[in-house]
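Next up: some structures, all given as structure tokens.
Each of the next two complexes has subunit A plus one more chain, namely subunit B in the first and subunit C in the second.
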Partner chain A sequence: MKKNFHIDDFTHPGGQVTELDPAELSPLPPPYDKREKPPIRKLTDEQSTRMDASLDGVVAIGLTPPKSPEEEKAFIDKFLAGIEKLFSTDDNWTFLQPLVHTLEYCVKCQICSDACPVYVSSGRQDIYRPTMRPELFRRIVSTYIKKEHPLLRKIKDSDIDLNWQTLARLGELAYRCTLCRRCAQVCPLSCDNALISREIRKVFSQQMGIAPKEIHEKGSVQQLRVGSSTGMTPAALRNILEFAEEEIEEKTGRKIKIPVDKKGADILLIHNAGEFIAWPENLEAFAIILDAAGVDWTLSTEIAGYDSVNYGVWYDDFQFARVAIRQSQAARALGVRKISLGECGHAHKAGIVVADRVLVGDLIIPRESSLPLLEEIVLSGRIKFDPSRNHFPVTLHDPCNMVRLMGIVEPQRRILRKICPQFREMTPHGVENYCCGGGSGFAITQSTNFPDWRNSVSGRMKMKQILEAFQDAPGPEVKKYVCAPCSNCKGQFRDMFEYYDVWEKSGILYGGLVELIVNAMADLKKPFIQWEWH
Partner chain B sequence: MPQLEVGGKSYEVDEDGFLQELDKWGRDFAQGYATIEGIEGELTEEHWKLIDYIREYYAQFGIAPMIRKMCKDTGFDLKKIYTLFPSGPAKGACKLAGLSKPTGCV
Partner chain C sequence: MGTLIIVLTYIAYVFIVVVYTIKIVAWLKLPPHIRWDLYPVIHEENYRYGGSYYEQPEWWTKPRPRNTWRSLFYSLKDNFYMGEYFNRNRTYWLCLLPWHLGFIFIITFHILCFFAAVTMVGGLEITAGSPQLLGKGFYYLLLLTGGVAFVAGTFGSIGMPIVRLADRGLRTYSMPMNFFNYFFFLVVYGSGLFAWLMLDPTLEEYRAYWLGLITLTPPELHPLTVLHIVLFDIFLIYLPFTRSTHYITRILAYYFIRWDDEPNLPGGKMEKQIASLLERKVSWEGKHIPSGKSWAEAATESGLPETKKDTP
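Moving on, here comes the complex of A and B:
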């Protein structure tokens, strides 16, 4: 492995900048301290001819090398044109200010490095420092955009040789940051190095049409075409809701009609559509709670109105705006008073915070997190709870966008303190939380060997935190629950727990917040949470 | 795009071996792929029951059925599905049924 990184390592054609050494990864508590297999699968020879993995042997976008010097030049020119646009007010009015601030104010003090779970977990690989992408970015700007004098560049050490290989590595490197923004939180100068990751992704996507398939083609493009990134059409949604209503009746004895397209409802609830396909118990629990509390709510069957995801928030301003507008249009068509977002972190950031930048006129509809609504219901006494039904160890995972970005920290905790007698915090938590490892689209990036990297590197810190939170009962005989109010985080936990065999070895299940609430409802005859791995 | 030889024919698949051209699917694809997936011998009636169910649901709704619905409608529990398809419902059964990889936050 290479620790003393030099910029030439990054620009030199051929070879691999760094190789992850399993022995160097930060240690996990036993029995996870021994791993027999190498953490990251190697690409096959055939894959290696098609996909560049010369950064760290891992593939998120996997660019194919150019066939001629002309092709290479066109590629570089296109990239630089995209970089130039980032500095134009017309093209990048949304993020120009924080971009320039971050580029100009960073003093490379490296405080952010120790805050970065990817850097620390990887065994402190230089290339994963939060300052590495901005460093490369600044060099590109100095050499090719500002075209500073070679002597000045020499003095400033801001030179870089741009070739196809450099850009292929930079493109991959933009997908080694989960955009958790822990680096931005600790920066004494408020630089946001995660923003740089996203700006690089933007150039690749908006200018060059390059993004992980799962996020673009099968993600935001599919969402705008059929209604959901899962491919779920309105007809499929109705079929699933029928099934959910049956399940609710079987589990609770209650006949609940899940309201759909109800004009003039008080609240339009938008779930991450992953819940409908993979975790229907989450949307069922929402329906049970809102029904019991007498809330006037509805779901929508409009395009994007039943899928809160907005993957553009990770990589593309245009796709972001298109989805945000469709979601607000769905709410406007129903004439609801406000939108409430279900358990999905990035949808909170996209729909509640960033959408402010693109919504105008009557598309500005109040948009809120469902967590304070749930808190109000649980603490109001409208529903009777029996906390002894949740008498098992519970810890809480904080989705980065809810806590660090938005400061939604206490509602979920006040709920858990009331209904989970064995609730315990992870260390650290709240606004200082660690990412699940699946942030910014990583949890859905399922191709090639990227999941191996995500499970063994970007999720490693969270894995350690979870195990430590349950160290009083580490064995599988005591069933334990990681409450993760976010579909993306749940997807990451499912994959990571399978990767490490956590259900068998430690008996740790993951799930949402609403499932715990329903599980504690005093008048239900059967437990709502089923302790089955899924 | 990678190609995969299944039962003597070549198919276009994604990086993880999911069929890309859904209309190329045939029963020989499923049978051929069974060997790759570590299922011994001929696919049984139970295998086909699940594969046919998945394909019918997909034809109607354009997505794979959710796992719990799959279990309920076929009468197989998840454990049984894993016995039939060791890689599980999504990475095993759906793959043999010729569906593409699940997308979105699932």
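Moving on, here comes the complex of A and C:
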């Protein structure tokens, strides 16, 4: 029996608002229904002193408590000034209309709660309801920004006692939402509670200079400084590409020169740089397909031109715009006709859709997903395929950014139906899919015990979906493939499958779409997919 | 008393129309925002599975057919069906739908009353036994809309607080204002229901009231009918202070946020609007943002290797 939760519980200093009980987490199918270790590690004493974990015992940003009341006051004042800026056209034209709409018109009907995989997977912990963040936000606005009369606040139950810890918890809570926007999809009033998570993150970043270091300092800042969020320099990129060319020759017998900085090429292909480091087979497969199809393409070595990621889309409008602009500048410098984005969901949404209203003049260069291009190649007959080479169970993960948030649903399916005889869907799928659990920067956030939370809570629903998709062959003796055309989702699957020992227990491998395409190419002597856990 | 309700009714209608208009105009005047579309987008060709024009290679060279009628029908029909609630919380839906239908039907009833009164001035007899078909039609239509409004509104106003208190999530997010609204709306609909069932089963007094309104002739009405009319007028004045504009803004949000998939093409109107917004000065205080500079400058100057300031 859950204790009755009250919003005021959130603002009481000291203690922890919610304790996650492993027994309350939503059940997984066997053999994952029994866990020997606790799902989330406790922080060490040293970590607990240094970082506030009073929300749920988990740390994503880990704020350090203030040393004096003056410091606390300055922190609160600065935060409130940031909230005020969210309502200014000058500072926040980018999201003012959707923000105001959600704050004014959400009736807190809770219809979005059960659409949220985090809330449901957590055993329906009240703090994870999609309405929780907006409610706190609304109370802050009512009490400190609009300064509504105390009687009115009483009637509207919109009072809030602001202290440092409340804000620290709110900051953490903004990083318990994957921005998958399933909540917004079911809202009959078109409110978007996920957006509020992003707006809170924005205040922390744009006003306070606070964001998870993997996303800001080691993410977008590093990308703008070095060229890639991975830290990979253009020189390192060239080395990796040489290695990839050798691997292609070794695997396929084909000598392919991966084009780099080719002026006037038709397409600038931008991969998530994670592929170069962790999954080079993905960029190799792209090179094999485009070469076989005779496509005129190139990679770039310009800053941000070889890394499609744009972490700003999760937390900071300026970092977002900077990266989007640099990517367009890279394309302009090469004089390409269009930009095509490789297998990365958030890069799709950021580069194609969100950047659309930041780019002007000659920076408006046509941008598209690589999936329709791949579909055209696969279905055109330009390359011969032998689907029997993919004769193993395959299911498809829909990256939220690519599918629910930009409507690219069928091209990848038409490809899989053609080349994978045992393709089966997850339930639900398409625009109603569930997030992998690593969305909005979670897949790269590795601080303290956050990965435990990500694997056991935010990814739990996806884990269940995958297992259910393969329920006809649950054991490890039948090798199975989760096709995830998104680098971030793959990162989450890598971590989550390792966390649950999925390869050993169920024989499930994850990978991209292009690897399956190349694996089915009739004239390749050896299978391209190597059934090894990595 | 007759004069009072005529004046009060006019004030109430003018007030609600003016305040609603101000609110809607304020909503519409908010600046264009970054695209934040969410699929399915109903005017899209492949809306059934949530597909978009991005599914085509070189989408910018292809036509983007939009079915505006389909999207309009979709956005309006939910006011009468509330499908998400039906699918996700049937008990809540069972009270919420009548509560909302009460509102929709009482407004429809009043609009019909207005037109009925106009025809009455023109000599139409509105009774069950009217020799004119239109007169009969108005009679039964008024009976239907008024009856549904009073019954559904009363039922919804009783059911809503019960559901809200019984459901853990709804209870947590309830505020005193919710319960005041339920109570007040119950009094409004309940008084109408009582007057209709006990005093005025043919709604003759209502027609007389509306005839008096448009001819500016104070009508003679039963005190309980007057009480209901006064309460209804206060209800109209009160509505703009609630979230009731959501009947309209939810549709605007579909078109201007959720389904806003209009691309920014070179030389287009959108590009000009964006260029002008990029000139606005920003005041964010994060160390990586050059406060006081324009949005465009902040997005291009800082954060680059040669000019990067300290990171937080």
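By our rule, the second predicted complex is superposed on the first by the 531 of 534 C-alpha atoms of A that agree within 3 Å, B and C clash if a C-alpha of one lies under 4 Å from a C-alpha of the other, contacts with A are read in each partner's own complex, and residues count from 1 in each chain.
Criterion: contacts are C-beta pairs under 8 Å (C-beta built on N, C-alpha and C of every residue); 3 or more make two chains touch, one makes a residue touch a chain.
Since the structure is predicted, the reported quantities are computational estimates derived from the model, not experimental observations.
Colleague: Tell me the contact category for A:82 with respect to subunit B and subunit C: first, second, both or neither.
Modeller: second
Colleague: Looking at the overlay, what does A:383 touch: subunit B (first), subunit C (second), both, or neither?
Modeller: In the superposition, A:383 contacts neither subunit B nor subunit C.
Colleague: Thinking of the overlay built on chain A, is A:373 touched by subunit B (first), by subunit C (second), by both, or by neither?
Modeller: Only subunit C; A:373 stays clear of subunit B.
Colleague: With both structures placed on chain A, which of the two partners, subunit B or subunit C, ends up touching more residues of subunit A?
Modeller: C
Colleague: Considering only touches as defined above, state whether A:359 meets subunit B (first), subunit C (second), both or neither.
Modeller: second
Colleague: After lining up the shared chain so the two structures overlap, which partner does A:478 touch, if you call subunit B first and subunit C second: first, second, both or neither?
Modeller: Neither partner.
Colleague: Where does A:247 make contact in the superposed view: on subunit B (first), on subunit C (second), on both, or on neither?
Modeller: Touch partner of A:247: subunit B, not subunit C.
Colleague: First (subunit B), second (subunit C), both or neither: which does A:408 touch?
Modeller: second
Colleague: Counting contacts the way the document defines them, which residues of subunit A are shared by the two interfaces, the one with subunit B and the one with subunit C?
Modeller: The answer is residues 226 of subunit A.
Colleague: Can you tell me which positions in subunit A touch subunit B when the two form their complex?
Modeller: Going by the criterion above, the answer is residues 46-47, 50, 214, 218-219, 222-223, 226, 228-233, 235-236, 239-240, 243, 247, 272-274, 276-278, 280, 307, 309, 344, 443-444, 446-448, 487-488, 491, 532, 534.
Colleague: Under the touch definition given earlier, write down the residues of subunit C that touch subunit A in their complex.
Modeller: Touching subunit A from subunit C are residues 27, 30-41, 44, 46, 49-60, 78, 82-85, 88-89, 92, 96, 167-170, 172-177, 180, 243, 245-246, 249-250, 253-254, 256-258, 263-266, 270-271, 274-275, 277-278, 280-289, 295, 298-300, 302-305, 308, 311-312.
Colleague: Applying the document's contact rule, which stretches of subunit A touch subunit C when the two form their complex?
Modeller: Per the touch definition, subunit A meets subunit C at residues 2, 4-7, 78, 81-82, 85, 88-91, 93-98, 100-101, 104-105, 107-111, 113-115, 126, 129, 131, 135, 154-158, 181, 184-192, 195, 205-211, 216-217, 220-221, 224-226, 303, 316-319, 321-322, 325-326, 338, 352-354, 356-361, 364, 366, 368-369, 371-373, 375-376, 403-411, 430-431.
Colleague: Can you tell me which positions in subunit B touch subunit A when the two form their complex?
Modeller: So the residues of subunit B in touch with subunit A come to 2, 14-16, 60-64, 66-69, 72, 78, 101-106.
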